[in-house]
Structure formats: C-alpha cells, structure tokens
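Presented sequentially are two complexes of subunit A, the first with subunit B as partner and the second with subunit C.
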Partner chain A sequence: MHETILSILPYGINGLALGLNVAIVALALALIWRTVGMLDFGIGAVYLASAYTLWLAKSAGLPLVVGMAVAIAAGVFFSVLNYLVVYRFFIKRNAPLFVLVVVSLSLFVATENFVAAILSAERFYIIDSILLGWTLLGTRLNVAQIAKMAISLITLGAIAMFCLHSRAGLAILAVADNPRLAQGMGIELDRAYIRTFAIAGFIVSLAAIPDVAESGVDPYVAATPLFLALAAIIIGGLGAFKNPVRGAVMLGLAFHLAVWAFASRWQEVIAYSFVMAALIIRPQGLFGGVSTPTRP
Partner chain B sequence: MIYVVDVLTYAAIMVIATRGYMLIKGLGGLLHLGHAVFFGLGAYAAAIASQTFLPAGAYPISLLCGAIAAAAGAGLIGWPALKDRARYFMIITFSMQLIFITIVINLGITGGPDGISGIPKVGFGPWVLTSRPVNLGVIELSASSMNLLVALLLMGASFLFCRRIIESPYGRLVRATREDDLAVEAYGRSATNVRLSIFAIGAALTGIAGAAFAHYFNYIGPSQFELELVILFLIMLILGGQYSIVGATIGVFVTMALLEGLRFGLEHYALISTDAVAHVRKGIFSLILVLVLIVKPSGLVRERFSNYRRPAPEPGADKPAQAISLVVSEPAERNASLKPAALSCKDLHKSFGGLVAVNGVDLSLMEGKITAIIGPNGAGKTTVFNMLSGFVAPTKGEVTFKGKNIVGLAPPEIARLGIARTFQDVRIWPRLTAIENVLASLRDQPGENAIRLFAQPRVSDSKEAENIEYAWHLMERFRLSEKANQLAGELSYAQRKMLALARLRAYDPSIMLLDEPTSGVDPKRLGEFFDQIRGFAESEHRTICMIEHNMTVVRELADWVLFIDEGRVVAQGTSAEVLGNRTLMSAYLGKREAESV
Partner chain C sequence: MSKRRYWASAALAVAALAFGQPASAADEIAFGICQSTSSGSAKFATALWKGAEIAIHEANAAGGVEGRKVVLVPMDIGNTDPAQARLSMRKAIQVNKIVSLLCWGTNVMVQNGPMIDEEGILAFTTAQGVNITKKSKLTQQLDAVTTFYCRVAVAWIRQRHPEVKTFGVLYVNYEYGLELRDMCEAEFGKHGIKMVAAEGHPNAPPDLRAQFTKIMQAKPDAVFLASIGGGTVAQAIRTGRELGYEGIFMTHGAGDIPDIYNLKVAEKNFFYAGHAVPETAPKAVFESAKEYGGFVGAGYDFAWIDMMLARELIKEGKPVTGANMAAKLRALGTVQTPINKFTFLEDGKTIRPMAIFTIANGEKKLEKILGDEELK
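Now for the complex of A and B:
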C-alpha cells in the first residue's frame, strides 16, 4: 500500500502541476466565454505570441526577466488586438456564436502556420542548460514546474481578488452576469470587453512563459494547453469561473495518472475519454451550471 | 491533364463530404466542428474492411462500411452531446476531432502514425481498376478518368439524396428543429431524435466520401484528417452557402481552384521554401475564411425555399364558398381522433429554488368548452401551462388525462396524447414559410421518418401531396393563403399569431392550450381570432384552455374563468361571475379599468 502511494505520488504531483497550468488557460477561455459570449481559440495565437516573444527577447540577448515582462506585454497586446481588429467587427454585427468561433479558430490556425512559415517549424529552447531541481516525496521537480504551480495559484488568487474587489473587475463580472443590465447601469461594454481580453492575454502569457521556458517553443506548442483547457471546460462546466479551474485540475491528474495506470501512449486517449465520460454522466459539467453566453 | 483530372476527382469527393456537412450544419443548424472525424472514420473503416474481410471488387460494400462507421460515430457522440439541448455541442465536436486523431495514432489496426497503405483501387465484382485504360464501348478512359467518372457518379447520387432529404417532410422537420426545438417538441416530435438523425445521416454521407477518398488515394494517415481539414470543410461550406446543395458544390470547386492557384503562385513566384509554401497556403486559407465571413457571411448561394402551389380546384367544386368559410367542416377521418377530453390537475405545485410559482392549483377542463385563466403577471399562469404540457415538472401534484397521471411524460409524449399548445411569444418557425409551418405540424406524415422516406417513397409522396392540399385548406380557413409561401418570420405580428392557431389546428389536438392567443393583436382583427377559437370549441368540440389578459376576449369567449394570483386559484366561475366581481377586478386591473370591464 505504502509502495503504491509512493509510486502514484510523482504522477499526482505532475498532474497537479499540469492541471494548475491548464487551469489558467481554462480561466481565460471561461472569462471570454462568459463576458464576451464567444469561445476564443484566438488565445492559442496569444499563447504563441507570448512564447515567441520570450524566445526572441532571449535570442536578442535580453535578460530572462526582461524577456518575460516583454512576453507578457506581447500577450496582452495581441489579445486586445485580436478583439479590436477582428472580433469587434463581428460582435457589433451580432454575428452568431458559430461565426465567432470559426473566426477565432482561423486566427489560431493562421498564426500557427505563418509562424511555421516565417520562423520554421523547428523547436527552439529558451534555457539550454538543465533546469535546477529538487526531489520532493520521490518526485523531481524543476524550477519551471515549481514556478508553474506557484504562478498558477497566485494568478488564480489575484484574478479572484481583482474581480471581486476592483471596480474594473466588478464591471467584468456584471457584464458576464447580465450584459443588458450592466449596460443599463452605465457600464460600457466595449471597455469591459477590452479589459477582459487584456486580462485573458495576461493570464495566458503567464501560462505560456514557464511552459516554454521548460520545454521550448515551436508553432504547435499552444495546441495542447488550449485543447486541454477546452476539455477542462467540458469537465467542469461554465456555470461559475471556478468550475473550469476544478475541471482542469481533475484533467491534469487524469492525464498523468493514466501514465501510471496504463502506458504513456494512452495518456491523451484516457484523458479525453474522461472528458467523454463526464459528458455522458453530466452534460452540463461535473460541477454543474451550464451558462449560455449572451450578448446584448 | 492528369493533374486536372486528379484535382477534379478530389474535388468531387470533397463535394460529397461538404454536402454531408451542409446537412448537419446548414439544414440541421448543429454547431459542428469535427467534420474531419466522419471523413476519417469512413476512410479508415473502408481501408480496414477492404484489407481484412472484403473481397476485391467490393467497392460499394466498402463505401457502405464507411457510411456505417461514420453514422455509428455520430450516434456515439451525438447521443450524449445532443440530449442537453446542444449547448456544448460545438466544444464537444471539436474535442471529438482531437480524440479521433489521438486514437488513430495509438491504435494498431489503424496503422498508427504511419497510416494504412495499399488500399485496393475501385472495383465492382470481377472488374478492378488497374493502371490500364478502360474501354467503355463508346470511349476509352484512362485509370485517372475512370476514377473521376466514379467520383462524379457518387457526387450525382449524393445530390439526389440530399435533394430528396431537403425537399421532404423530414427535411422540413429538421429545419423546424433548427429554428425552434421547443415548438417541435410541443407538436409531438423529439427534437433530440431529429437532430441525432440528421447528424448521423450527414456523417454517413461524409463517411462515404471518406471511403471513396481512401480507395482513390490508396493510402490514408492521421495527418490527412487533422484540424486543417476541418478548416477546409468550413471554408468550402461557408463560401458556397451552408443552406444549399448547390452552394456546397460551388464552394468546393471555388475553394479547390483557389487552393491550387495559390499553390501554383507560391511555388513559382514566391521566394520561399517548399515547406514554407504548405504553411503559407494554410495560413492564407484560414484568413480567407475570416474574409468570407466578413464580406459574404451567407455564402455565394442562399437557402432556397419550396414554393407550394395551390391545388387546382376540382371541376364543379364550390371553391369561393370554401374560401370564405371560417370554420369549415373537416374530413371525417380527421375528426375521428377526437375523443372526450378530460384533463384535470390536482394540488399542482411548482417551486423554483425558494420561489413558489404555483401553490396548489386545482383545475378541470370541461369538454368542448373554453376555460380562461386570468391573473396578474407572475401569478403562475404560464407555469401551469408548462406543467400541463410537460415543459416543466411539477414539484408536487397530479395532472390527469383520461384517468391517467401524465406527470413525468416528456412534452412530445403529452402532445401525442392530444394535448397541444401555443406560446405567449408565438414561437413560429421563422425560416419556414407559412404553409411549411402548418405542414410541419401535421401528424400523419410517413415522409418525416428518414427511413420510411427512402424505403416507402410512394407512400411518403402520396401522403405529402394529400397533406399539402389539406394545408392549403387550413391556410384559407385562417386567411393566410396569400402569405402561404412567405417566410413566417416576415409576417406581421397578428399574422404570426394567426399562424400559431393554424399550426395548432393542423396538429389536431383534442385539448388546446392557448397562451395569450390575441396579445398584441389590433382590436379590429380580434373578431377573426374569436371566430377561430370559438370554432375550435363549438364546431369541432375541442377543449380549450387559454391564458388571457384582455377582458374583452375573456368575456367574449370563456365559458369558465379561473383567477390565479400568487400561484393559487383565487376565484372561479362563469365569465359574468368573475368579471363582475368588482373587488377582484379592481385588485387585478386597477379601479378605473375594472369599471370599464
């Protein structure tokens, strides 16, 4: 029994690290879904923008910390740019949800391919040396993994504080709850949307930076976190912002415990089967409360 | 030349798959983002079947295997995904796309990441396509041209198949479900089953295309069915027009021409590597999709609506007399379904969280009479209707119809018992024409079952012809014949209200629940509504229960009136008794209005 627990533990810790990392991408998706009323695959493009900015900054000889700050700024900039240049056109014309989703998916695929065409599909590493690490309960954790978990927890807490205790955050929550009423109360939707995309860009960058610092960057690096975040939404539901976060943690654990129970090649199959199982048991998400996005 | 033939063959196969997508997304309105899965399922099923148990030359059976595999996949995904009113459908189908690729890469039978090669070429019985030219008697075709011919024949067959579906009662029901699923359920059909069936049919057609693709290329691998293929299908469908078979065809050929033109331009004029060409092409194509959605979101070809012709009057028929009659006598067989109504409810309760909407309502509808429910907004009137029609489950209490408790039955089951309703917000199917709204509500339609539509074409077609004639008869009765071929969403509010009554009458229920049938109607036109509603009860002996705020309507029509307030029946009696109760009316309408009642 003791041995079993010890053998599971590393997978559990890795699963938790992955889950927390996916959680902030899922939170970004949920934030845009509930506030703006669209499923934004474009955050995959934002992830790439942030990741490649970090690599370019590093290649240009900038210190890593400065590179990270620039990468975060790039993430925020591209997220807001997506809204201002592309999405706003469709939102103002009351485009159906499907159109918005197709547009955001196209943006993501276009970004992936243009990056591959311009910078090649090769994987570039930000940190060449072996990352500093420690062994905890039989699991070796490197500095990037620890940073991932810490950043995710801090981000989740900070976003909750921002939404509940700042004027801008409350305005976003009001729009997410009832856009028409929020508008009637004097909240400017366009400004709330810009803020939402800025926050989404910010937190997606925080997910991208430690991830690519650990594993390197290539044009397809955003696909897995984005799609896992999507799966987390299915598992957790979108009734409340905390639901996709819970879903992400469960998914991260399933993703790594699948390796412990089966083989690594079945990792994705098991994780996505978990999604399907959740879907069959509770189509509205394990934690309930389907929310259909509404726009005024 | 071979290059052009090959591109055309590929395009013909893609047309079939895109038509499958058109059935799912355009006709069915399902927000489906995993179409490459069905193409892939068809391809893998055909490849595996051809290499394991099918003999050489079993091309048609192989295509069938592709169709079955894709339809089964659709059923597997669609059943859980569609039962919760499809709100998550888009996310689920997209996830399905990701899962499919993962599974295909990891399974041994699918050849893993290497895929399956050596898939047999097209073959029919003893004849199998080889690289040698084929002599067809009048013409000799190369192997490539023969492939093109087979693909074109399949494309032609898929056109006939899709047209048959779109123009059938089944297609009409699918479109009605796309427009408003609750109204479909109120008229006795399961919206989930309708959606699931069109999802499976569209998938099967795409599976056939996938199987044809596998036999044409003789190789399939996971990379052929990834996200880029989804984007390609989306471009083809949206560019051409997602609601049209012709659009789904044009979209494919225009996209293929652009795709090949772009490849040629990039390879010959752009100073970039071959690797980069593929990426640039995909990138540009994704942006083209955005551009199409900006410039022409409805696509090149718009949805076409059937124009129903009024049947020619039989010689000697007294047509004008029938046209002006508001309440015409009905064919005997249609009235045969009317049995004495006996709907009642006892101690009906409904709470939403802490809010008690209905608090112990007792109600008994009298056969062939009109019962009106009145009361202030928020009194619980519509909630009572929702419980009687199965849209809301009571927290407590019984609803009895012909001695049987019907609580727990789904709305379509209750409707099929003969209890049908209208909605306060009308809920007509806006992108169906007025006559289609009536046709879609009729009960006896063999052609609204997709299997019977193809298995018993004559039965379906003759009944449809009969139904069209009957629908015209109803259009005249409800004074909508001039608007019959106009989209219902374009009718005036009063006409939509009248259409809601016509649709209800078409369903032929013994109990009619009318939720504010005259609200928003110009008082000058109220007489037409009175005649129709009175006709339902007096001439056709139907039991009517209506929610109404207009006391003129209540006084004019109601045999019995219930006053509901705060979820309880506060008073009931004849309209003279209830409307004559000054205290009650003053509390409900205010003193000044109460005096004018």
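Now for the complex of A and C:
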C-alpha cells in the first residue's frame, strides 16, 4: 500500500502541474465565453504573439523581465486587436456561434502559418539549459512549472477580486449575466467586450511566458494548451470561474494517472474517455454551467 | 468596370486561387514535393523544398533539362493525412502534370501506393516504413528504412558506449513509431541489448513527464526516441534531463533539424543517425543544410536524380513519364549525385549513406559517415 502511494505521487504531482498550466488558458477561454458568448480559438494567436514577442525581446538583448513585460503588453494588444478588427464585425451582425468558432479558428490557423512563413517553423529557446528546480515527492518540478501553478491560482483569485470589487469587473459580470439588461443600465457592451479581451490577452500571456521559457517557441506551440483548455472548460463547466480550473486539474491528473495505471499508449484514450464520461454524467459540465450565453 | 466584367474577373481570380499554379506548359517538366502544416513535418518539409529548389535553380539557370524548364509543385498533405495527400497528389498529377513526387508519412505512402501506380508517377519517399514499397511498384525509398536506423544506432552504441546493456524506447503512438520500436528491439536484441521499457505518446503531447517517469523506473542505460520530429525530440531530451536522466539519448532523422542543433542539453550524451551533407556538396546545399537541417540534401538529391533521369530519357527519345523514369532508375541501379551515392534496388528499397551526428556549440557535428559497404 505504502509503495503504491509512493509510486503514484510523481504522476499526481506532474498531473496537477499540467492541469494548473492548462487552467490558465481555460480561464481566458471561460472569460470570453461567459461575457462575449463565443469560443475564441483566436487566443491561440494571442499566445503566439506573446511567445514570439518574448523571444524577439530576448534576441534583441533586453533583460528577461523587460521582455516579459513587453510580451504581456503584446498579448493584451493582439487580443483587443482581434476583437476590434475581426470579431466585432461578426458580433455586431449577430453571427451565430458556429460562424464565430470558424472565424476564430481560421484566425488561429492563419496566424500559425503566417508565423511559419515569415520566421520559419524552427523552435527557438529562451532559456537554453535545464531550469532551476526542486525534487518534490519523487519528481522534480522546475521553476516554470511552479510559476505556472502559482499563476493559475493567483489569476483565479485576481479575476474574482476584479469582477466583484471593481466597476469594470462588475460591468463585465453584468454583461455576462444579461447583456440586454446591462445595456439598459447604461453599460456599454463594446467597452465591456474590449476590457474582456484585454484581460483574456493578459491571462494568455501569463500562460505563454513560462511555457516558452520552459520549452521554447515555434509556430505550433499554442495548439496543445488551447485544445486542452477547451476540454477543461467542457469538463468543468462554466457556472463559475473556478470550474474550468477544476476541470483542467482533473484533465491533467487523468493524463498522468492513465500512464501510471496503464501502458502510456492508452493515455489519450483514458483521458478523452474521461471527458466523454463526464459529459454523459453531467452534460452541463461536472460543476455546471455549459450553456450558450445570450447576446443582445 | 461593368458588372459582367467584374464578375468575370472575380471568377478568373477564384479559379486561379482554386488551382494554385497553372498547369505546366508542354515544354516544362514538373516535380511535386509534399508540404505540411503539422508541427513535426513542416520543419523537414521546408528543408526538402529548399534542397530541391537549389537543384532546380541550378539546372534552369543552365538552360533547363535539354532545353525544358523544370518546375516544382507543392502538395499540401495537412497533418500528414493520407486523404488530404491523395487530393493534393491527384491535383498535382492531373492539373500540374507532375511526373515524379517526393513525399513522406508511412500512412500517407502506404495508403496512396496503389494510386501512384495507377497514375504512373515515380514516387520517392523519405518515410522509413518497411512496408511502403510493397504497396507500390513505382515507389522508391530515398531514405533508409527503420531497420537501418536501428542498426546504425546500435552499431554506434557498441562502438562508443559498450557499457550500454539495456535501453528504452519513447515512440509516437502510430504505425511508424510502433515499427521503429519493434525494429530497434530486434536489432538491439541481436547485440544483447535488451529493451526494458517502451512508452508511447500522441503526435503533439502536452508533456512527456509521465512517459519519462515510467521509462526511468526501468533504469535503461540508453533511450531511443522514435518520434516524428518537430518539437517532440527536443521535448523528450529536455524532459529526461529535467527529471534527472543521465543516460544516452539517440534518435533517427527526426533529430536532424535546427530545433535540436539549438538545444544546449543535447550537447551531452546524445546522437542521431541522419543524412550526411558532406563539405564536398554544392556550397548552397551545404550552407542551407546548416540552417534547415539534413533533409535539404534529400530534397536536392530528389530533384537532381529526377532531372538526370529526364535528361537520359530525352536523349534516348523516350517520353518523360514516371514509369519510364522508374525503369531507367532501376536499370542504372547505382547513382552518384553531387552529395550521395545511392543504390536503388528493384524492390523499391535503397541503400544510401548515413551518418552519425552529435551536437556541439549550437551546431550538428558529423561523427562518422557510413557508406553502403558498411551498411550492407
């Protein structure tokens, strides 16, 4: 028994780390879904913008901290730009959800290929050695993983604080709950959407920076976190912002514990069977709230 | 502009977009090269294209092949998707009139083998699956098959790391990775090196920590990375080192990309078997291979061999068709390009030089070239 617990611990720790990493992007997806009512695959493009900005800043000889700040600014800028230049046109015309999904997915794929075309598909590294790390319960966690876990939990808390204790946050919540009523109360939808995309861009940048520091950047690095985040919000549901985080942690644990329990070739079978089982048991997400938000 | 003319122009523009490039003119000779948007393949797809482009620019600048201009046609195979590849290949054959193509992906080549024969196209492949050439009479390996890669790796291990008695395999969980795993188990086993762990991963894994934790529990002296390439090989090396694995990493052509040259942690206890682009190669190819990886040489060889075959056929007064090129290639048997010496066998298999590389100072370092005699 004692041996079993010891053998499962490294998988549990790494699963938790993966889950909390996925949770950051899931939070951004959830925020846009709840407020704007669209699944924004375009945050993959924002992730790339932030990741490549960090790499360019580092290549230009800027200190890493400065590079991170510029990368966050780039993430916010491109997220808002996506809304203003692309999505707003469709949202104003009340485009159905699937149109917005196709548009945002196209934006993401086009960005991936644009980056590959102008910069190459080569992977570039920001930190070119083993990252500082510590051994914990039979495995080694590096500083990027620990940062991602901390960012995930802090972001969750910060979103709650922002939404409940600031005028801008309250306006976003009002729009998320009932956009027509919010409009009637004098809240400008467009401004609320811009703020939502800005916050989502900020969150996605926080996910991209430690990821890129740990594994480097190429045009395709955003796809896996994006699609895992999508699975996480489906599992967790969107009733509250903590639900995608719970879903992401469960997904991360499923990915790692599947390898502990079975041969690793079953990893994806087990993990995605878990997604299906979760939806069969609770189609609205394990913790509730997957439903299409209304738009005026 | 009148409305009618506007719509006519728009229709023409759409048609031009839909058909990509116009059909080759009658005096042109067209070759197709697969291109991909998937994370692993996109990297060596670019290298293949660059290499072929160099060979074709050289030839066209010198007046073409017996006065005929040579053109390259890209064929998009998406995420190494056999169905997408079939559509692109058919379009390239029927619209662009290609006579030869270069593609990869064990599934892509196996599933489209019958179509290649039906259309009479000479196909070269850099896919390493041993069964590919059984599905098509007109397909010829340009790369070594999986068995050779494992054989070369174990030979190097025996020579340089005789202390290795056990090994593990981290493989991509589809036909090609499974084949490489099994072939390496057999080839290493012949030398008494036992496979003690084998863990699979999806094409784009979120991380490899779980797989590597499990491999490390078996305490292998070395780990063979049977991944597709792209970021996965780099990710595997980094993960292994992060988790404290100090043994030897080895891989096949998947390691022959700049992602790996740039990887500091690959500078110790790592080697890969890949394509040699010697200093005697044309300067443009040698320089381009530094930037895009060893598959530049394969792209160059493909175009060079195709143009040589076309030239021979024209001189003999025969039409330049895929079937005629395949017959000529196998009749010649041995071909020396400006880079490599190939022996093309009747069954579609090929004996070609391979090389062992390590990484040093942000560049690949050639350790040894293995010629056809050694490989036999």
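To be clear about the criterion, the second predicted complex is superposed on the first by the 291 of 296 C-alpha atoms of A that agree within 3 Å, B and C clash if a C-alpha of one lies under 4 Å from a C-alpha of the other, contacts with A are read in each partner's own complex, and residues count from 1 in each chain.
Throughout what follows, a contact is a pair of C-beta atoms (placed from the backbone, for glycine too) under 8 Å apart; a residue touches a chain by one contact, two chains touch by 3 or more.
This is a predicted model, so every value here is computed, not measured.
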Subunit C versus subunit B on the shared subunit A, clash or fit after superposition: clash
Subunit B versus subunit C as contact partner of A:A121, first or second or both or neither: both
Partner chain in contact with A:V275 - subunit B first, subunit C second, else both or neither: first
Which of subunit B and subunit C A:A95 touches, first, second, both or neither: first
Touched partner set for A:R265, first subunit B, second subunit C, both or neither: both
Which of subunit B and subunit C A:N113 touches, first, second, both or neither: both
Partner chain(s) touched by A:A182 [first = subunit B, second = subunit C, both, neither]: neither
Touching partner for A:I209 - first (subunit B), second (subunit C), both, neither: neither
First (subunit B), second (subunit C), both or neither touched by A:L54: neither
Region of subunit C that runs into subunit B when the structures are aligned on their shared chain, from 3-11, 57-65 or 75-83: 75-83
Overlap of the subunit B and subunit C footprints on subunit A, listed as residue numbers: 109, 112-113, 116, 120-121, 265, 268
Subunit A - residues contacting subunit B, complex: 39, 86, 89-90, 95, 97-99, 101-103, 105-107, 109-114, 116-118, 120-121, 227, 230-231, 233-234, 265-266, 268-269, 272-273, 275-276, 279-280, 283-284, 290, 292
Residues on subunit B engaged by subunit A in the complex (per definition of touch): 25, 31, 33, 80-81, 83-84, 87-88, 90-92, 94-95, 98-99, 102-103, 106, 227-228, 231, 234, 238, 272, 275-276, 279-280, 282-284, 286-287, 289-290, 293-294, 297
Residues of subunit A that touch subunit C when the two form their complex: 7, 10-11, 14-15, 18, 22, 109, 112-113, 116, 120-125, 128-131, 133, 139-140, 142, 215-216, 218-221, 223-225, 228, 255-256, 258-260, 263-265, 267-268
Contacting residues of subunit C [partner subunit A, same complex]: 37-39, 42-43, 46, 173, 199-202, 204-207, 209-211, 213-214, 217, 230-231, 234-235, 238, 241-244, 257-259, 262-265, 292
